[in-house]
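By written order: A, B and C. Residues from 1 in each chain.
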Amino acid sequence: MLFSLYANVLVQGILTGLVYGLMALGLSVIFGVVRVVNFAHGEFAVVAMYAAFVLFAALGLDPFVSLAPIALAFFAIGYALQRTLINPFIARPEHEQFILLVGVAIILVNGTLMVFGPDARHANLPYSFDSWLIGPLIVDKVRVYAAIAAVLVSAALLAFFRFTPTGTAIRACADNLIGAAVVGLDVKKLYALTFGLGLACVGAAGAIMVVLTDATPMIAPAFTLLAFTIVIIGGMGSMTGALVGGLLIGVVEALASILIAPSMKSMVSFALLVAVLAFRPQGLMGRRA
Amino acid sequence: MTVLLDVRGVTKRFRGLTAVDNVSLTVTEGEIFAIIGPNGAGKTTLFNMIAGATRPDDGTISFAGAPTLGRTPDALCRAGLARTFQIVRPFPELTVLENASIGAMLRSEDVSDAKRNANSVLERLGLADKRAMKAKSLTLPDRKRLEVARALATRPKLLLLDEVMAGLRPTEVDRIVAVIKAIRAEGVTIVLIEHVMRAVMALAERVHVLHHGATIAEGTPAEIVRHPKVLESYLGTEAVH
Amino acid sequence: MTALRDLIAATPRRALAMLIAFIAVLAIAPAFLDRYLLSVMILVFWFAYVGQAWNIMMGFCGQLSLGHALYVGLGGYVSALLFVKFGISPALGLIPAMLIAMAFGAAIGWLSFRFGIEGVYFALLTIAFAEVTRIGFDNWAFTGGAAGLFIPVRAGAAGEWWNLRGGPLLFYYVCLALMLAAFLICARLRFSKLGYAWLAVREDPEAARALGVDVFRAKMAAILISSAMTAVGGVVYAFYQNNLFPSQTFDISRSIEMILAPIIGGLGTLFGPIVGAFILTPLGQALIALIEHVVGKGVPGANLVFYGLCLMVIIWFAPNGVWPWMKKSLGIREERE
């Protein structure tokens, strides 16, 4: 009996963790390359959630389908944002960059509050309550689809960075900026591309999440914090670290939720965050100490 | 002749690269001691270890008779060890006077007292007329002088100067040489890392030469300038033969 | 007090005159303000006050705290609980409130500064602590949990100023006094040895160390003083609102609201938080009133969008804030000798 409870919780944690991982991946990509701390990350995720919700409510579009156009739109937004707003701030002191993005976050979160109000929105799909029975496990269909979608998008991104010339160029920028410029890479464009890709991840993650959880403006800061927690634990600048971190946090929170109390699950994540910051600041898989 | 600084067998490795290799030297009170060597010879790393900013992997360092291991840079400064940075680090948004005053505050409880002391140090370094300027608007030579003034304001027993002459014109070099001589005359022991041989010849009583992290020679300036190994390290094997 | 006299002596006469006139105006203003405007001014003074407290950490010492609502909440809850459960006046309850806030500040400080957690990582840590505390209070029945803590308002109690029981007029003067006290405290600190140590740490901690500055002690002093001062703001906040909810009091949006005035006014300056509060709060309230008038009802989030825009505009064009720009226009020359 107990085994099946833990097994279910574990599976749920893994599936949720994969989606978290996708969201964190966006942050990791942005920070790892452009070195900008995107404090508005969670806020972008929430905007994506609302976008998916609106498309679902108005056009009946399944978020797993609208995921693609949303990710594309977010890519464009990220690209534009980097080129116009963020780029001039790259040379500025760190706290000014941070505050700029705090400003963006404030505007996004309160903008959604103004438009949608504080009530929760959720995409109730026809198969939202279906589940599969595999032995002792009761697995929600939506969670599996969500996890699969997250894995596909993550894999696509990783493949891009690993196997395409542009992806390699971006990694070169991350490794050695001066070298990259010397070799003739258009750093500004690559930065913009990277920011676009990072936000595309967030867009996709948001579209997926609206199926799993309620969208309210108030969860945005929690998502930002979650994304940062994952990236720090997994390792700043490591893409696989973000995914591993996401899985870890997903599982940890799921277990904490039944072992302690559901409302206390983030406390365990924070404890992990503090521990990592204090004792292994480069995270599990980070390369820079 | 009391030994103020005693470095014994100090080694520092960075991931497979031995930056400082079993270096030993002693500096007696009141002398001007120079450390020279080609770029990358490990001189600044040595300074960092003496000043407490980096821990040696091997060896010991003693300052004023007490080991420096485990003591923070600020504790060492309080004990009388001041240093400048090779790449100058002024407090950019603070004025020249405020920069120097922060150094002087180490020795004064009273802020206005510290400012008075800072003012006199600035005068000695020729920065008094720029005291109200923000450090970020200073030229490089002035920043270097501020770096020295700030460290001097802490009333050190031992002053570590890291390439303070770099990038200065010969007249400016001469000026700082005069200031350093005056500082020493007041009883401050000076260790300098220098490339500008003009300054080394004018100031140093003893010179220690590093190459690839290891000691290759030590002696008076006249001696090391003729030393074959030293010439080899600077000019290459071809030049010597 | 000599420090105060020195400060006054160091200020140019014109500026001093303007300052005195300003304070005098604020002191007699209630005679001309209605209840609504009084409440706006209370907010102005309160934000100026907590802005000053936050400015000590960030503006002077360079440590970015994005979880300062933690100290507001702790100050409020501790003093409120002592009053509601044990009948202890906030005039006394102030002390434990400050001490507990300082304990949290010390914990955060020790953890961060001891382990070299800086910059963005430190900011995230402060957010995390505030969040954890929020969740903790949400689940703690003793404090009322998510349902909140209420301070009963008894009709006969009005006039008990030591219990902070009174109308807007009382809070107007309390907050005004806090704002002025904070200004004096910050001025005193800024030009003290500790203040200079803070500036050195802000500008370049390594260089500061090389000059004998005990960076750890300086940072700890900053967080302790800042948290204690902010907690006092929390006490006043609790007794003004008469209710506390973890989801509001410890919320990150509160932390962010608190930092807007000092950033927009001028980080690291003495007048910045005050100028910032005087600009932002009335404008924000005016915007709220305008929207209610035009749309017919309140639109939550509108004034924060406005603040967000202000923040971005300022950080883009005048990252040093409004006050330094004002100084130039008013002809107050920088006389930092």
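The working rule: a contact is a pair of C-beta atoms (placed from the backbone, for glycine too) under 8 Å apart; a residue touches a chain by one contact, two chains touch by 3 or more.
All figures in this text were calculated on a predicted structure; none of them were measured in a lab.
Asks: With contacts counted as defined, which of the two, B-C or A-C, has more C-beta pairs across the interface?
Replies: Looking at B-C and A-C side by side, A-C shows more C-beta contacts.
Asks: Which chain has its C-alpha centre closest to the mean of all protein C-alpha atoms shown?
Replies: Here the chain at the core of the arrangement is C.
Asks: With centres defined as the mean C-alpha position, give me the chain A-chain B separation in Å.
Replies: Averaging C-alpha atoms per chain gives centres 49 Å apart.
Asks: Measuring from the mean C-alpha position of chain B to the mean C-alpha position of chain C, what distance in angstrom results?
Replies: Inter-chain centre distance comes to 43 Å.
Asks: Using mean CA coordinates as chain centres, what's the chain A-chain C distance in Å?
Replies: From the centre of chain A to the centre of chain C is 33 Å.
Asks: What does chain C use to touch chain B in their complex?
Replies: 191-193, 196-197, 199-200, 203-204, 206-215, 268, 334, 336-337
Asks: What part of chain C is in contact with chain A in the complex they form?
Replies: 58, 62, 64, 66, 111-112, 115-117, 119-121, 123-125, 127-129, 131-132, 135-136, 138-139, 252-253, 256, 263, 299-302, 304-305, 307-309, 311-312, 315-316, 319
Asks: For chain B, which residues are in contact with chain C within the complex?
Replies: Residues of chain B touching chain C: 51, 53, 72-74, 77-78, 82-83, 85, 89-95, 97-98, 101-103, 105-106, 109, 111, 114-115, 131-132, 150-151, 153-154.
Asks: Touching chain C in the complex: which residues of chain A?
Replies: Of all residues in chain A, those touching chain C are 37, 92, 94-96, 98-100, 102-107, 109-114, 117-118, 217, 221-222, 225, 228-229, 232, 261, 263-264, 266-267, 270, 273-274, 277-279, 281.
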